[in-house]
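Structures incoming, each one as C-alpha cells.
What follows is a pair of complexes built around chain A, which joins chain B in one and chain C in the other.
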Partner chain A sequence: MDKIIEAVNVSYIYQTKYQKTKALSEVSCSFERGKVYAITGKSGSGKSTFLSLLAGLDVPTEGTLSVEGEDMRKMNRDAYRLNRASVIYQAFHLFPLLTVMENVMFPMELQHVPKKEAKARAQEYLAKVGLPETLYKKMPSMISGGEQQRVAIARAIAAGGEILLADEPTGNLDSQNEKVIVELLCKLAHEDNYAVIVVTHNEAVAAAADVVYGMTDGVLSVVRE
Partner chain B sequence: MTTIRNSLIRLPRTPVKTALFFLLLSFTVVLVCVGANLRKLCADNMERFEKIFTTIGTVEQKPEKTVQRAVWRADRKTYRYVNEPVYGEIVSTDVLNFEGAGYLSGPDRRACYMAHAPGLRLRDDDRGMWHYMIVEASPVEDCVPADPVQMELKRVLFSYYPISFDKFYYCAHVEKNPAPMFADKTYIMELVLGLPHDFEVAENPMAGRFEYQPMNGPCSTQADPEGNLLPNRLSENPVQELVPGFYETDEGKAWLALCREYELSYDSLPVTVTNDLNLIMAFYAKEAYISEGEAFSEEDYRRGNRVCLVPDAFAVRNKLKVGDTVHLVLRYANYAESANQGGVKGRLTADGKAYEPFEEADWQIRGIYDHTVSPGRSEGYLLADNEIFIPTASVKNSNENHIALYGTMKGYTTAFQIPNGNESIENYKALWEKQGIRNVEITFYDGGYSKLEAGLKNMERMSLILIIMGIVSAVCIVVFFCHLFITKQRKRTAIERSLGMTKGQCVCSLLTGIAAIALAGCIAGAAAGQLFAGHAGAAMVSTKPYDTRYSNGAPQEDEEGHVKEEVTYLTQLDWRVAVVSGGAVFLFTLSAAMTGIYGNLRQEPLKLLAEADHGG
Partner chain C sequence: MTFYIRQIWRGIVRHKYKTILTGMIGVLSVLLLHIYAGNMDSTERQLKRLPEVMRVQAKVSNLNGSLEEGMTIREDRVQAIRASEHAADVVFTVRLRLGFGAFTPGEYEGNLNYYGAGMNAIGGVPGLKAEEITFFPGEDVSALESARKVCIMDAALMEREGLHLGDEVEMTSFCYRYEERSYEIFLDILGTDVYRIIGAMRIGEYEGNWVPADVIFPLDCMRELYHRQGIEFLADSGSFVVKDPFRLNECKEEMEGIGMLPVASRADFSYDGNALTIMDESFIRSAEALEENLALLRGMLPFVAAIIVLIGYICSYLSIQSRQEEYALLRSLGAGRGRSFCLFFGETAVVAAFAALCGSVAAFGFFSAAGKVSAQAGALFFFAFLAGTAAALLSLHKLSVMEMLSKND
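So, the complex of A and B:
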C-alpha cells in the first residue's frame, strides 16, 4: 500500500463576520498513489472544501491532514502546492493574459526550471494531453473549454508533483471532451503513478474511479472501494 | 525574475488599460510638478524680493490749520501772502509705539547735528554761498529804510566774504514801516545779501546793485527733549542801535555770541544720526548708494561704533579714504529739519550763548557714498552737501541741553520699517487707525513690493489649485487603476497561490506591472511638468516692468519722468521639485497598490478561489 495522504477526523468551519458554517465534519480517509479517487455529493456538501484542504490551500479547523506522515499544519504549504500537489478546476483557472505555452511553463518557472527546458517540457505535456501545436501561442480565451481543461491538466502535471486534484474537471465540458479528460486522468494515475482525486457529481467520472467516496453535509462515506 | 517577467509581459496585452493608466498618471504628475515648481518659484522669488525690498513708513504731523501771513514787499509797495501751517501741540514719537506695530526698524526720529570740523575743506570755493555778515554801520543820511538806503560801513564783526567796500545799500525789505535810522548813530546789523531792489526794472537807479536785507538778530529756539521751547529774553532784532558799553550788556554779549556762532558754522557740516540707513529716503530709493567701502553693520548700530559714511565729493576734497577718521565736534541738534534744510533760525542757546560742544571724537570712515537727485523730490528728502551719517548710538553723550530746534515729525526726519507685504501694511494701518491720532499721517513706501507680492500670491494660488487638482486626480486615478490592476486580480492571486507562489512572489507579481507603468508615467509626467513649468517661468519673465516712484532697484527714468524699474524674476527651475513630485505620486501609487495587494493576500487561497469562482 502506497498511502500518500491521510485525513483523520478532519473538520472545517467557514467563518465569516456574521456566521459559522461547518463544511466538513470529522472526515477520515486516505489516498494512495496510482489510484483514481472520486468524491461525489451534492453541491454544498463540502467536497470542494475537502479537495482544497487536500491541495494545501488551507488547513483543517480540527483533525489532522498529513502528507506521507507529515502534518499539513507544520509543512510549507507553498512548497507543497508548488512541488507535490496540483489542482485542476472546473473553471480551468488559466491565466488569461498568458499564452497556452506560458500557462504550462508557469509552475516550472516557479521551480526555477531553465526556460529552454521548461519550454521543451511544456511542449511534451501539451502533446501528452493531446493539444495541437497550433494552439500553443494562443490565449486561453481563444480556445475551447475542453482545450482549456487540457491546458490546465498539462499545467498540473508540468509541476511534476504526485498528487493531482480535480474539482469537477468535466463540469464545463461536452460528453466527448469529458471522456477524453477522464481517460487522461486515469492514465495519469495508472501509468504515471499519480494519486488522482476527483470531486464530481458526474456518474460517468465516478464510474471510472478506483475508489468512490460520498460526501453528505460534510460527512464522508465510502461508496465503492 | 520569472515573476517579474510574467507580470511585465501581461502589460502590452492590455494596451488600452496600460496606456490609459500611463497617460492619466503622467497628467497628474504634470499638474503636481507644474504646481510645485510654480509654488517653489513663487517662494524663491518672494524670498528674493523680501531681501531686495523693504517697506518703510514715513511719519508726518499734519498742521491743524493753515494761516495766511502778509509779508511786505518793499520793492512793489504791496503785501504778498504766504501760507503758513499751524501745528499746535507737537505729537511725540511715543504714539508710534503701540502694540502689534511689528517694527523691524525704528521708529527712528533722526537728529541732524551741527558739527564743527576744523581743518576739513568743506567747499571748493566760496562761490554760491549766501553772504551773511554782521556789521556796524551808519546811514549816510537820516532815513527810513523802507527803500534801499546807503549805509556807511564802520566795522565788520563777521562776514563770509572779505569785504572790499565801505558803503552798501540796505533795505528793511519786509517791513512796511521800519524804524527811522539816523546818520549820527551807529547800528549793529545782521544782514544777508539779497536780490537788487526792484532789480527787474531797468530804469530804476538801484537796478544791478547789491542790496542787503536784515536777518533775525540774536534769537534762540532751544528746546528741551520733549520739544518745549525754553524761555529766553533775546531781542530778535536784526538791527540795533549801538550805545556806549553795549557789548557789556546781555544784548551785546548775545550779538558777539552770534558772531562766534557764524564763525563756527563756517567750518561746520551736518551730521545725521540714524539707526537704519534704509529709513533715509535717498538711501531707500537708491539715489544714494555706497560707492566705496560698506554700509553700517547691525553691530555698528547696536554697539554704537564710531563709524561714518561720508559723501564722495567731501572725501575727494579732503583726500579721505575708507578707514580714515574724521574728527567731529558735535554742538547742537536739529530735530525739526533735514540736513538739507538745515537753517536753524535761533542758533543761540536760551541764555544767548553759542552752543558749546557736547561730543567730540574721531569717526572712522566705513563707507563713501555718492548720490543722484531724483526730480520731484522735495527739499527735505534731499541730502545736504558734506552730510555725514553716523549710527545714532555712536553719540555717547546726552544732547538734552543742545537741542537748537525741535519740531513736528516730518517724513524726512521720522520713519520706520515694517515687514514687507500688503497684509503687513494693512494690519499696521488698522492698528494705527485704532490709536485715534488724526493729525499724524503715515505714508508707506514698499518699492512696488505689494504689486509683486499680489502677482506672486495669485500665482501661488494658481499653483496650489494645480497641486490640489493633481493630488485629487492622482488619488482617483491610482485608486481606480489599483482596483483594475490589483483588486480585480483576486482570481489571479488565487491561482498563483494555488500553484504554489509564496505571498512575496504574489506581491512581486502584482506590484511589478503597476509599478512599471507608474514609474514610466511619473518620469514622463515629471519631465513634461518640468518643461511646462519652464514655459510658465518664461511667461513670468515676460511680465511687463512696472512704474514706481520709490524703489530699491536702480531707478531709471523714462521719457515721461517716471522711474521705471525692471524687476527680474528668478526662473531657474529646481529639478528636485520634479523628482519629489514624480516620486511622491509614484510612492503613493505603490502604497495604494500594496494596500490592495495586502487585501488580496489577507485571505487563504481557498477562500480567494471560492470568491473568484463566485464572480470575484
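So, the complex of A and C:
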C-alpha cells in the first residue's frame, strides 16, 4: 500500500466572535498514490474545508493530518503546496494577465527553476494535457473553459508534486470538456502515480473515481472502495 | 532576487492603469510635501540668516544713556570688549587735538589747529567709507589695527599743506580730560612725534555729531602715547556687533562681568562710559516670530506624515481589492505570506520611489526646490506611503484562500 496522506480523527471548528460551527467531525481516512478519490456531498457539508486542510491552507482543530507520516502542523505548509500538492479550482483561477505559457511556468519560477528549463517543462506539460501549441501565447480570457482547466492542470503538475487536489474541477464545463478533464485526472493517477483527490457534486466524476467518500454534516463515510 | 524583480516589473506593467493612478497620486503628494518642507526649510534658513540680516549693535554709553561719544571709557573695559568672543566689528575711538610741528602747551595758540582721532577701524568716523580713502601702495585700513606711527589725513588739508602720500610729518598731539565735578574739559599734551601719511580721505557725507577729524591715527598707537606720558588711557566712544545674537544672554552676562551695565535712565549724568545699549528688540521679535512659525510647522509633521500614511493605505487598499484572487492564488501555489507580501509591496515601493523622484523633479521645475528639501519631501512621502501600503497589505493575511478561490465565478 502506497499511502501518502492520512487523516486520523480530524475535526475542524469555524469560530467567530459569537458562535462555533463544527465543519468536520472526527474524519479518518487515507489517500494513496495512483488512485483517484472522490469526495461527494451537499453544499456546506464540509468538503471544501477538508480539501483546504489537505492543501495545507489550514490545520485541523483536533486530530492529526499527516503527509507520509509527518504531521501537517509541524511541516512547512507553504513548501508542501509549492513542491508536493497542487489545487485545481472550479473557476480555473489562472493569472488573468499572464499568458498560458507564463501561467504554467509560474510555479517553477517560484521554485527558482531557470527560465529556459521552466519553459521546456511547461511545453511538455501543456502537451501532456493536450493543449495545442497555438494557444501557448494566448491570454486565459481568449481560450475556452475546458482549455483553461487543462492549463490549470498543467500548472498543477508543473510544480512536480504528487498530490493533486481538485475542487469541483468540472463544475464550469460542458459534458464534452468534463469527460476530457476526468480522463486526464484518471490518467495522471493511473499512469503517473499521482494521488488525485476530487471534491465534486458530479456523479459522472464520482463514477470515474477509484474510491468514493461521502461527506454529510462534516462526517466522512466510505461510499465505494 | 531575479524572480522578485521579474514579478514586480510584470505586476507594474500589467496593472498599468493602477500604476499610473498610484504614481500620479504620489507625484501630487510629493508636490504638496514640497510646499510644506520648503516652507519649513525657508523658515529655518531665515532664522539662521537673521544675525546677518538683522545685526545686533551694541553701543557704549554713560549710565543714564545720554552720551554715546565724548565719554571716558576705561582702558581695561576697552581691552576686555576687544578681546570678547561675543563681540565682532569692535570700534573704539579717542579724540585728540593736534598741530603740525613741535610746540609746548604754552605755544598752543596758532599751532593747535586741527582735530584728530585714534581708532581701530574706520567705522570710528561715522559716514566714512573705505573707498573714500586713497592709500599709499601696500597700505590699507588694517594699519588702524596696528600700533604703528602712521596716519590718514584729510585730502584737503594735505593739499593746503603741500603734503603727499608717504610723506613723514611731525605733529604734536593733545588729549581731552573731562572733569566730572565741574563738567570742565581740559587738554593734556601727549607729545610730538613723526607720523607717515599712509592715506588721504575725502569724506562724502559725515554723519557724526562732533567736528570731523582731520587726521586719524591707529588707536593702539595713541594708547602708547598715553602710557608714555603716564596718562590713563580713556576711550571716547565704543561700539560692537554681537557676534552670535542667539547667545545674547551670554554676551550680556560677560559685559556685566566687564563692568558694562544696562542703561538706567534715572542715573545721574556722568562722563564714565560704563553702560551698554544693545539694540536687540527687533532681532528678538523677529527671532521669536520665526521660531514660533518653525515650531508650528514641526508640530504639523506627524499629522502630515499621518495623511501620507492614510493616502498610501487607501491607494493600496483599493488596489488590492481587485487583486485578492491573485494573492489567494499565490498562496495556493505555495508562495508564503512573506513572499506574497513582498511581491505586492515591491510593486508599490517601485511606484512610490518613481513618484518621489518625479515629484521632486517637478518641484525643482515649479518651485526651484533645494536639493535638501527635495530629499526630505521625497523620503517623507516614500516611507509614509509605504507604511500605509504595508498596513493595507497586512489585511490580506486575514483572507481565507480556500474561500476566495472556491467562488465559482
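Keep in mind that, in the parts below, the second predicted complex is superposed on the first by the 224 of 225 C-alpha atoms of A that agree within 3 Å, B and C clash if a C-alpha of one lies under 4 Å from a C-alpha of the other, contacts with A are read in each partner's own complex, and residues count from 1 in each chain.
Keep in mind that, in the parts below, a contact is a pair of C-beta atoms (placed from the backbone, for glycine too) under 8 Å apart; a residue touches a chain by one contact, two chains touch by 3 or more.
As the structure is a computational prediction, the values presented were derived from the model and not from experiment.
*Asks:* Under the superposition described at the top, does placing chain B and chain C together on chain A give a clash or a fit?
*Replies:* With chain A aligned, chain B runs into chain C, so clash.
*Asks:* Would you sort A:Q148 into first (chain B), second (chain C), both or neither based on which partner it touches?
*Replies:* In the superposition, A:Q148 contacts neither chain B nor chain C.
*Asks:* Quick check on the superposed pair: does A:S45 touch chain B, chain C, both, or neither? Answer first, second, both or neither.
*Replies:* Neither partner.
*Asks:* Using the touch definition from the top, say if A:A159 reaches chain B (first), chain C (second), both or neither.
*Replies:* In the superposition, A:A159 touches chain B and chain C alike.
*Asks:* Pick one for A:T200: touches chain B only (first), chain C only (second), both, or neither.
*Replies:* Touch partners of A:T200: none, neither chain B nor chain C.
*Asks:* In the superposed arrangement, which partner chain does A:G171 touch: chain B (first), chain C (second), both, or neither?
*Replies:* A:G171 sits against chain C, while chain B stays out of touch.
*Asks:* Give one of first, second, both or neither to describe whether A:S66 is in contact with chain B, with chain C, with both, or with none.
*Replies:* Once the two structures are laid over each other on A, A:S66 reaches no partner at all.
*Asks:* Taking the options 130-138, 292-300 or 454-462, which segment of chain B carries the C-alpha atoms that clash with chain C in the overlay?
*Replies:* 292-300
*Asks:* Let me check the overlay on chain A: which residues of chain A are in contact with chain B and also with chain C?
*Replies:* 49, 52, 55, 57-58, 78-83, 86-87, 89, 91, 93, 95, 97-98, 106-107, 109-110, 112, 155, 159
*Asks:* In the complex, go through chain A and note every residue touching chain C.
*Replies:* Against chain C, chain A makes touches at 48-49, 51-52, 55, 57-58, 78-83, 86-87, 89-91, 93, 95, 97-98, 106-107, 109-110, 112, 155, 159, 167-168, 171-172.
*Asks:* Which of the residues in chain B end up touching chain A in this complex?
*Replies:* 2-3, 6, 9-10, 13-14, 491-492, 494-495, 497-502, 505, 604-607, 609, 612-613
*Asks:* Of all residues in chain A, which touch chain B in the complex?
*Replies:* The contact residues of chain A facing chain B are 49, 52-53, 55, 57-58, 78-83, 86-87, 89, 91, 93-95, 97-98, 102, 106-107, 109-110, 112, 139, 155, 159.
*Asks:* In their complex, what parts of chain C are in touch with chain A?
*Replies:* 3, 6-7, 10, 14-15, 325-326, 329, 331-337, 339, 400-402, 405-409
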